[in-house]
Amino acid sequence: GGGTATPTQTTDGPAGEPVQGGALTAAQISAPLNLDPALLMNASQGNGMLGNALYGTLMISDETTGEIEYSIATDFSSTDGGTTFTLTLRDDVTFSDGTPYDAAAVKYNWDRLKDETLASNSLPDATMIADTAVVDPQTLTVTLTRPAPYFGTQVIESSMNWVAQPDALALGQAEFDENPIGAGPFVLDSWTRGGTIELVKNDEYWDAPRPYLDALTINTTDNSQQRVNAVVTGDVDIASENDWLGVEKAEQASLQVQSEPMAGGQYLALNTAAAPFDNPLAREAVSKAIDIDSLNTALYGTAAVPAETLFPETSPLYNDVPLHTYDPEAAQEIFDELADAGTPVSFTFTVFRGSEALGEAVQAQLSLLENVTAEIDIADWSETGRILGQHEFEMTLAATNFVDPEPTLFNSFDSESRRNATGISDPQLDEALTQGRFAETLDERIEAYTLAAERLAATNPAIYYTRAAQVAIANTAVGGIDLYGRGSILPDRLWVQD
Amino acid sequence: MAGSGTAHLRGEEALLSVSNLVVEYKTAGGVVQAVSDISFDVLPGETLGIVGESGCGKSTTGRAVLRLDPITSGDIRFEGDRIDRASEKRMRELRRSMQMIFQDPIGSLNPRRKVKDIVVEGLTIAGRPAEVRDRVATSILNRVGLPSERYADVLPRMLSGGQAQRVAIARALALNPRLLICDEPVSALDVSVQAQILNLIEDTKAEFDLTVVFIAHDLGVVRSVSDKVMVLYLGKVCEFGDALEVYENPAHPYTRALLDSAPLMDPDKAFAGPALEGDVPSPLDPPSGCRFRTRCPLAQERCASEAPEMREIRPGQFAACHFALAAA
Amino acid sequence: MKNLKWLASLKRIGRALLVIVLATFLVRMLMSLAPGSIAEGMLGENATPEAIAKFNEKWGLDAPPWQQYLTWLRGAVVGDLGESPLTGQSVMEAILERLPVTLELAFLGLGIALAVAIPFALICATWPGRGIDRALSSLSSVFLAVPAFIAGPVLIYVLAVQLRLFPVLGWNPLSEGLAANLQTAFIPALSIAFVEIAAFHRLLRADLISTLSEDYIAAARAKGMGGVYVMLRHALRPSSFSLVTVLGITLGALAGGTVVVETLFGLPGLGQLIVQSIMTRDVTMVMGAVTFAAVMYVGINTMVDVSYSFLDPRVRRRAAA
Amino acid sequence: MTHEALLSVSNMHAYLRSSRGVVRAVDDVSFAVARGEALGVVGESGSGKSVMARAIMGLTPGRSALTGSVLFKGEELVGRPRRELRRIWGPQIAMVFQDPGRSLNPVVRVDRQLTEGMRAHLGLSRSEARTRALQLLHEVGVPDPERRLSNYPHEMSGGMRQRVMIAVALSCEPELLIADEPTTALDVTIQRQILDLLRHVQQTRDMSMILISHDLAVVAGRTDRTAVMYAGRLCEVGSSRELFADPRHRYTHALLQATPSIDHERHSEFRLIPGSLPDPTQPAPGCRFAPRCAAASSACGSEQPPLDSVGSDHAVACFHPVESRNAQLATIGGDPDGR
Amino acid sequence: MTDVPTLIRPDAAQELIDGAPAAEALARVPVARKKHSILVWACAAWLVLIFALAITAPLLPLPSYAIPIGPPRLPPSGESVGFWLGTDNIGRSVISRLIYGAQVSLLVATVSGLFCFFVGGILGLVAGYASKGLDAAVGLFSDVMLAFPPLILLLALSSVLAPNAATIILGLSMLGLPTFIRLSRAHTMSWSAREFVRAARNMGATTPRILFREIMPNVVPALAAYLPIVMSAMIVAEGSLSFLGLGIAPPTPSWGGMIAAGKDSLASDPQLVFIPAAAIFLTVLSLNIVGDQLRVKFDRTVHE
């Protein structure tokens, strides 16, 4: 958010003031299963733009600093160091059916997210909340299960940011999908499942004169090539992109490329709780054996931004601790040692369908070394529960993408966290993360995360190789491209030059 | 002309005796009674000719006798044994003494077998040793006029119709049968070849002491080879008797009409008598009473209601007709 | 006779139902062998055993597979194919929503194939062995070796990206007008058509050539009827049996989802739905889709039989008798 | 019978390409048919009768060559383009095929099959053609023609179908009717009906007819003149009366001997023709019948005997013809076939 | 013998008898069509080549298909054998992957083709000749198999079982089975209606003998002639599966997988798609053309 110019933008959009009217066609990466805000994923590879269009946002984050900017919410802060939060809302917002957007509606949505059978992606975020209480129509107090000063970020990056009209939700899924009611800049006109979503302007939108567009059409394709082609040929005006190869092609085609400079990134998660990667030496060896530059070129061409440090240089929290060093000779030595000790490194890399290429690339790199073998197991989405939930893997693919490390980084590597995929349990790392969480000043935070980076580099639970691409690509007639959180496009700001 | 009844059967001494044979086929259009209650017998050494127009049940009769098609009812005896009830195993043995030559000469030979294997197939099945088979193959092929040196290794498709029919005859003879049923053995052949095959059958009949059932639609052919002749129409017997007698003095109007319709080799006189009107009725829905009545010049009311039984018109000549023709 | 006909149709229906029941049962059992479950998929890293149990209970996925099948079958009998836990949508609705796309692709693809194959075959059969025959026959052999997953990317690249004749992406349903619809449907349908052009052309050509050697063709010519007239009026219909049979089989296979093409072009058809449902272990949806496919198969088979009797009155009589 | 030739075929060669080589199906055949005359053509299977019949019309199969001359009413038909031949097929020359079950299109109603020719050639309207069709069906003895018109061929019996085929052939008033084994597929009683019908229409319409059959008896009583074919060549042509009474070619003679007749003695041997038809792709030079002929001389094996006249209307292609029966009567007790 | 009536010899041109016209007719007969065109030979040669390469792959001087040999997406070059067709996205040798991919495609197609041929052939044979009950059971089985859209079956199988060659073979076998059952059944029925079967029965032959000694030898060639055509369909099916990401697990290459992996670089590195596509194209084309040739030949020997 925030309209700050971003360094990766190469081609400029139209200059001047936003133009009212017009229609735009967008392409997203994956099709929504339904329109329930709980099941839409608030990220570029999910349905961020659609959620924002239908339900608006409570608040957004600045893309470089991670500072919160309020939209429907006017405040969300804690006075007790992150245990109790007070959410205050604008008083002039109504849902598209005219009912008020109030604290009760937010409470209903947030409580609902905790229903496990709903299987929302934001379940862990919602379950952080112990209790919610409506103080008055504009005020909601939220009590967390444990202190989390940066809980606001969690709201922003999850489905919690989207609130739908409670009565409409209560009617049931089928009815709701027919007529989803939110307070977003657009309302649903028609939706072919798996196909096109047609949205039209919500005339009652609280943030007039936004939205600028009269209509927004959203298509879906998970094929990056197709998305870029579609923008190039003009079938589509703007597309979400999470594949650096697509970004590269878009740049070559002189499209507008607007990206969120993300921290963290995608990594090969090593299961530190099970053989062979319960042995730190094995982790170190594999980490040293992987050349992330060539991995990136193989997968994403030249546009990929390698995740060499925890934060990008643009981040206020930047430190220069390298997370990873490529040293095949050293790796080979360790592999040989381990083999001599009777524990050669042989493991299965579990990749999910669609990312086989990563598996192959890693496998190919390791095949250049001796005494290490990697098998590839391709898992279906339906096995994520077992693999990620039950930690039944040796190596798999995971991601920790964030602008502000809180709470994502903590959740990913704190030994107590449910979302700790690698199962790393390092007291020093835990301490660093906690310190980062509760630090009062920027310097304290920088210090804490420098330590965290050092620990990550030393314990090697994760081999970071690339920053996530949270990108929007568009043709040059599209103005007001703005992303927040994990690459969620804000459709109310878009406009098109005629 | 519904010819039922067994008056014409000659009793005990018959080699093959068939009475009240009924064969039905279930088809999509309904039940076809291909053979409706016919009876006949053949004495040892005799040749019985069966004539009739296409679809009248000639082949069905031949196959039913060998139980190659399931029969609906009837009593078939071979040398006094009931074979309509014999076990499948007993039938396999019996069939060897009752051989058949099929209507389609090429079609009755397996296209992927050599001639020498075809002719001794019966022996192979009976488990005879190879040298016996080789010997028999050579002699039997030579016997039917296919020098074994030239024809032993030939495949059926390289044979002409006449040669194929010879192979079929050789195959039947190799088993030394008592009874040979020839189902239109010459109707697919040209006149010049036909004569060769007819001669061959006549010769082997004498030599192998065969009893023959000879099925054909060509009246001239049947007359020249048969002792007794049986005329069928739409699954029923019309007339049964000595071949010469029947041809000389047909008692049944259908027999007469058949004879009158056969073209004569005479430029001045194309046919012997008047033409028969109308078409053969559908076997799915045969006329009531006498089946021939719809085309019969003599038909009267009685024919529609009452099916005629076989009765002796002249000594040894039987016909199923209410108004059988007097001798000419 | 009338009874017989009635009985025959009854038998036919019974058999069709048996096929459907067996097919769905088989797929239910097959799916229960698959690793993972929809609950695990949806809950992902939040998949604690309790959460999974709760989820399964909510969607009736906690019973043994055969029991689930019986429950499903009871519903299916009254037309209730259940709801998808993945989307919360009624399976019937989901399928009906996707069906038009798939059917349109299938019909359009086959239509293109026929539109090319029939004239090709007529030309080839008119001059068999001549240069034009060889040229067209070779061409169709070439088409035969171009499956959709090769044709698709190449066609997109050439027709959409390079020449910009068609959109790269998206689907305009027929309701948006034929021109708009064809715009989006043409390349996918063409990718489907290639292989079929070849199959249809060869079949029809061979049958035409053998029909042309029939006496009744010679008889028609001997009447002095023109060549084109004889081809179209006398030869084409009796030569189209194999074509119709294969058309039916192909349509049956395509109706179950033009999977590759839908995936490649991102079209909201049955194929994508099926792929997605299998991948996500959305068993209810898979069974619904298989039911539809089986019904379609049975229906198309019946249609093919009916068209036999249209093509050949001899069959009509046999069927009516 | 006038002697004005309606059709005259001379030196006709029809060679076909088959997988085994070039089949000399018709090899140097010459004959003529007068107006109003019925010519019978007999010969064994494969002797080239059908190819000849089709060649007369110019309907030879695709991979074939046709040379020689076919003059129809003085016009040369050989080498004419199809387009022009089509105007002759139907109104001038019509054909009836062997198997009525296969020569009617099974999927087209009788109505259309009967009227399409008339509409194309005579320019009749649909209703005119229909009226005429009814009349024709009546003429060929089809009962209830109204109903038959809307039938499909399979709904009729074989005899009915052949009647329809004859009606089709007659529909454009041809001057020459070629009937290629029109009764082979039929039963004796039906064959009789059809043969009677053919003769009847031929005579009442004063049409010429070529009646082809492998059965000598069929041709014997139905035709004015008869031609005997053997292995693609004509062996003997003559008035039917003379040819059957006094066959001169050795082949014709043997054929008559081999035919079982009503007066053949029971269980007695038939006279054989030894050997079999020659291979049509590699014909020996000389007389084609020579290898099977008892009277063959060396000349027969090397030289084709010309078709020479042996009577007022009788010609034979044989170096050693059977002695004429008239001659035999003079020489007491002569062996009829000279053996 | 001089005055030949005009009706017999209308032109009386006797000297023409065996001279010019016969020769002229002979000359005019269209030439026989070559039995095997160059195309058929070329196709057969390609098949031999690709089978030979696939079988001898381990003996060939090829780099490993799994290990990168250079930078990614190199265009074809003459540097060394491994580089002849360039490198793929990960820098592995395309020629190695193409040849080892042939192993997979051909193995899968051959094994499942043969399975269908044998099992389907025998089932169809038995169904075509046996009692109504058995026939109905086999018919029901093949109807149920056909009622699954082919890819559903394959998808379900590949997600249920491990993604290896055996699974794909199983799936393709299930797919091809009904076709062969039907084909075999139809042929059996038509052959068992022939009189020679009746003749054999009349010789005392038992049902197994009739089935396997009389009928089967006639049915087998017809089925065998379809084998290449079915195999080509299976190569395509395997390709589709790999293309959908349901093929054999990496790093084992397959042609369909290579196309899928390369399709995003179609604009920049078209060879990554075109090389495996050409391999599929040529193989499928060849199998079809050779199969057709066999079928025509078989039909001719039977019907002539």
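Chains: A, B, C, D and E, in written order; residue numbering restarts at 1 for each.
In the analysis below, a contact is a pair of C-beta atoms (placed from the backbone, for glycine too) under 8 Å apart; a residue touches a chain by one contact, two chains touch by 3 or more.
Molecules present, by chain and UniProt name: B, D = ABC transporter ATP-binding protein; C, E = ABC transporter permease.
As the structure is a prediction and not an experimental result, all values here were calculated from the model.
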Report summary line: Note: chains that touch subunit B and subunit C both are D, E
Requested in this report: Weigh B-E against A-C on C-beta contact pairs and write down the one with more.
Outcome: A-C
Query - Remotest chain, subunit D as reference, centres from CA atoms - result: A
Query raised in the report: Which chain lies the greatest distance away from subunit B when centres are computed from Cα atoms alone?
Result: A
Query raised in the report: Between subunit C and subunit D, what is the separation of their C-alpha centroids in Å?
Result: 53
Requested in this report: Take the average of all CA coordinates in subunit A, do the same for subunit B, and state the distance between these two points in whole angstrom.
Outcome: 90
Query raised in the report: Once you find the CA centre of subunit C and the CA centre of subunit E, what distance in Å lies between them?
Result: 22
Report task. List the centre-to-centre spacing of subunit A and subunit E in whole Å, with centres computed as mean CA coordinates. Result -> 49
Report summary line: By the touch definition above, subunit E meets two or more other chains at residues 159, 263, 266-267, 304
**Report entry** Residues of subunit C touching at least two other chains
**Finding:** 34-35, 129, 161, 279, 317
Report summary line: So subunit A residues touching two or more other chains come to 223, 353, 380
Query - subunit E residues within the subunit B interface of the complex - result: 194-196, 198-206, 209, 214, 217-218, 301-302, 304
Query - subunit D to subunit E touching residues, read off their complex - result: 3, 5, 8-11, 13-17, 19, 21-22, 27-28, 30-34, 62-69, 71, 225, 237, 304, 306-310, 312-313, 315
Report summary line: Within their complex, subunit B touches subunit E through residues 63, 66, 68, 92-93, 95-96, 99-100, 102-104, 107-112, 121-122, 125-126, 157, 168, 171, 175
Requested in this report: Using the touch rule from the top, collect the residues of subunit D that touch subunit B in their complex.
Outcome: 44-45, 157, 159-160, 187-193, 195-196, 199, 214-218, 220-222, 240-241, 244-245, 254-256, 258-262, 264-273, 276-277
Query raised in the report: What residues on subunit A touch subunit E, complex-wise?
Result: 223-225, 245, 249, 294, 297-299, 353-354, 356-357, 359-361, 363-365, 367-368, 376-378, 380
